[in-house]
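Every chain is named by a letter (A, B and C) in the order it is written, and numbering of its residues begins at 1.
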Amino acid sequence: MNAKTGNQFGWAQLCASNVFIEFIDTTLRGCAQVMFQNNPLTGLLFFIAIFVGAYGEGSPAVAYGCVLGTIVATLTGLAMRDRKSWRAGLYGYNGCLVGAALPTFLVATPVAWACIVLGSIVSVIATVCIADILKTWKVAALTAPFVFTTWMILLASYAFTGLHSSGLPTPTLPQQLISEPGTIFGGGNVFVSMFNGISQVFLFSSLVGGIIFVIGLAVESLWAAIFALLGALLAIFTAAFLDASPHSIHAGLYAFSAVLTAIALGSTFNQPSWRVLTYTIVGVIFTVLVQGAMNTLLSPIGIPTLTMPFVLASWLFLVPNKDVMPAHRQ
Amino acid sequence: MNAKTGNQFGWAQLCASNVFIEFIDTTLRGCAQVMFQNNPLTGLLFFIAIFVGAYGEGSPAVAYGCVLGTIVATLTGLAMRDRKSWRAGLYGYNGCLVGAALPTFLVATPVAWACIVLGSIVSVIATVCIADILKTWKVAALTAPFVFTTWMILLASYAFTGLHSSGLPTPTLPQQLISEPGTIFGGGNVFVSMFNGISQVFLFSSLVGGIIFVIGLAVESLWAAIFALLGALLAIFTAAFLDASPHSIHAGLYAFSAVLTAIALGSTFNQPSWRVLTYTIVGVIFTVLVQGAMNTLLSPIGIPTLTMPFVLASWLFLVPNKDVMPAHRQ
Amino acid sequence: MNAKTGNQFGWAQLCASNVFIEFIDTTLRGCAQVMFQNNPLTGLLFFIAIFVGAYGEGSPAVAYGCVLGTIVATLTGLAMRDRKSWRAGLYGYNGCLVGAALPTFLVATPVAWACIVLGSIVSVIATVCIADILKTWKVAALTAPFVFTTWMILLASYAFTGLHSSGLPTPTLPQQLISEPGTIFGGGNVFVSMFNGISQVFLFSSLVGGIIFVIGLAVESLWAAIFALLGALLAIFTAAFLDASPHSIHAGLYAFSAVLTAIALGSTFNQPSWRVLTYTIVGVIFTVLVQGAMNTLLSPIGIPTLTMPFVLASWLFLVPNKDVMPAHRQ
């Protein structure tokens, strides 16, 4: 631990000399890459936040699924030729999310655990596939491999009695939402909602978890932490302006995709500037609309949006990046 | 007006010397580009047709939305680097359609107007995004940016009580259509249906509006006007042969996408020839099938197809263009 | 016949000298390409299997549709510039499947036959379109043109009273499958299920038909025949492990896409090796999950998956091929 926190050089040397420690380091980076950070300490903090959140919600399987998914995906990544991407954790983050999502929505039976392992393996193949396709336009796969793989397994759970839903939304035809009573702007509530939104990236609501995630971000990039907080805040206000369900807003369900859009557009794929800030604000507001849209779109088939609103909105805003940003930014 | 109609040179000089007039000219071209024409007079005639049609249906908000959307999108386009596309109105036409579609399906509240502004801004980003992706295969974005942006906002309206549906189809599971009594081939009816179909590109049925649209087309391209009329006619006969709802046929709902396919395949992206004519006929007939298919596909989620049948069918026929057309056409 | 079976050289010369015989040869190759084989004898055996299966199920229209679709598509292919693809039957196989699928799900009225002709023509355009798009990533169109074209016509059948469903699934919201009593592992049953699965590629269950398909494969490629059988077997065990409906497993409904994935990944686009075998096993297992997922996904819109699970899973595994397979494989 000391090596890691107090002495990054020592840790780097340890990784270089010991294959097992290198693997642990890569697995931690895999977890950190869920929010675009290439830093093992960020990954460790994220894992802590996940255990805090999962135990807090009484669903420890989510945390163990996360660990399992990241490990399996990182192992699978060893079979790929691109060792640099492997070392940066880029084959691990989708498995991490597959491992968080499946126990959230399915009963943790042995068949479900087998699906987490299979899903994590496939998430790596999907990562290479989608990254290959998207490099034509110089855009990253984001969390699309996770979403695609998890959607397939969740949809399949309706057809296979070996997989039991524990939290999938019941398939229904969309109906106009009836205005719900309830306010979200009562003092500290917005503050809590904000951190709920950040922790919802890993599919749970947790104030403490959310705070640890932000600390983890700040360890690697202060801008990422700032954009995460501002993204969550702007998403909450946008959803409130559009009159979304106050309960959903408070649980962070309109913020988690927006948080990722804010980090991606604001700090990961652009250097902060006024122009980038404007672009990011439009992107975050649009992500909230896409979140509402995808809730409707998926309601007849009974699966959650996962982080697809973030993926769609960010692709939409990242492909034209070079046509929008000043020339020296390329 | 005289400068525009009587003296194109004078108008071009005026545009070159006055930024404000250049902006108006570009906005008019934006409207004309909905049907692929790069001509401010065509745009002006289209706007007139829109006002005639919108007031005729008692929904003036559609016309004002159109003007607002085109202006906002044209303004947003100023932020893009490609000034030639901007000047041709290629950043404006999707905003124009967003502005027509949202007030057609949503109650025109302040939140809805805010969504028109946001949607028009996003339509420009979507235009650059989709155009960037599609230039890999030398195909244009067509009206896909409009469809994507508008679908998102219409789907989102189910999740947000701030947006109220005024005309969205009720979500239902598809059912085989029961044969409806009614004929469409009673004398002048086909004539009216044809112009209804052309005006449905802007989401309303209007004989006078349709006629003005055709005149607007003819001002820039006689072939475009001819293909629009023949496309509408062929679509009506195809839909009647397949036994579609006579009411929908008469309202032009099977023709508007086919009209755009006919102009695109027949005159915009190809030079008229017998081979092109054959190809266009198959394309138009298939567009009618896709229209029926997408009506079914979207019925559980309660949104209209907009011009997606045209977009899908035209992409399908335009990508292989170079493999089908004689070599000198490339 | 003798020329074909006993003397390939004689047949090849005959094809070269007689345009009509060349066309028949190409049409037969079109049928064989449904399972990736470029061999007229394979195609002839496949057509025999189709007639056996179609008459066995009491739906001869399926067999005649198949013949018609392949012929129309092969004729349409003459209009394309790439004569080498035409000669290999690559413009024919999607039309063959369109011709099999439409009479399976629609009443064989004159309008339906017109749709088979139109669908076969469009399938060729879709083949060129999708192949053009996918060559950016060096991946084949597979049966996507067939799926796309047929889905459009089947979806459209709900909107047009001229087209009557004879076997489309009733649109329903997905529900968790209730465990069905019934075993699939009673002696010879697995054997029958395996061949049912292979014949389901052409949308019917037939032991004899399935056996003839395997013989047809073996005529051109022993590996293809082996992978078809192993793919079907693995799919049946996977579906049983996941507790799918025993009836569907026995009818081969979880195997047909897996059979195609196994042939594609195991023998067509890779040379058999241990690494390829492992990759193919993961691909086949995932195809079964995608089959379950797509059954759920499509249930509200009342259309069958056709071979889309194969297409999706195979694209997913073929795009990263070069990143996974040893360097000399490129």
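Assume a residue touches a chain if its C-beta (ideal position, glycine included) is under 8 Å from a C-beta of that chain, and two chains touch if they have at least 3 such contacts.
For reference, the UniProt names are A, B, C = Urea transporter.
Values in this document were obtained by computation on a predicted structure and should not be read as measured data.
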item	value
Overall pattern in which the protein chains touch one another (line/ring/star/complete/other)	complete
Residue-number overlap at the chain B/chain C interface, same or different (half cut)	different
Rotation angle superposing chain A onto its copy chain B by C-alpha atoms, nearest 5 degrees	120
Mean-CA-position distance for chain C and chain B (Å)	37
Residues of chain B touching at least two other chains	136, 173, 300
Complex interface listing, chain C residues touching chain B	79-82, 111, 115, 118, 121-122, 125-126, 128-129, 132-133, 136, 151-165, 171-173, 300-302
Interfacial residue positions of chain A with respect to chain B in the complex	136-137, 173-179, 239, 241-245, 282, 285-286, 289-297, 299-300, 315-317, 319-320, 323-324, 327
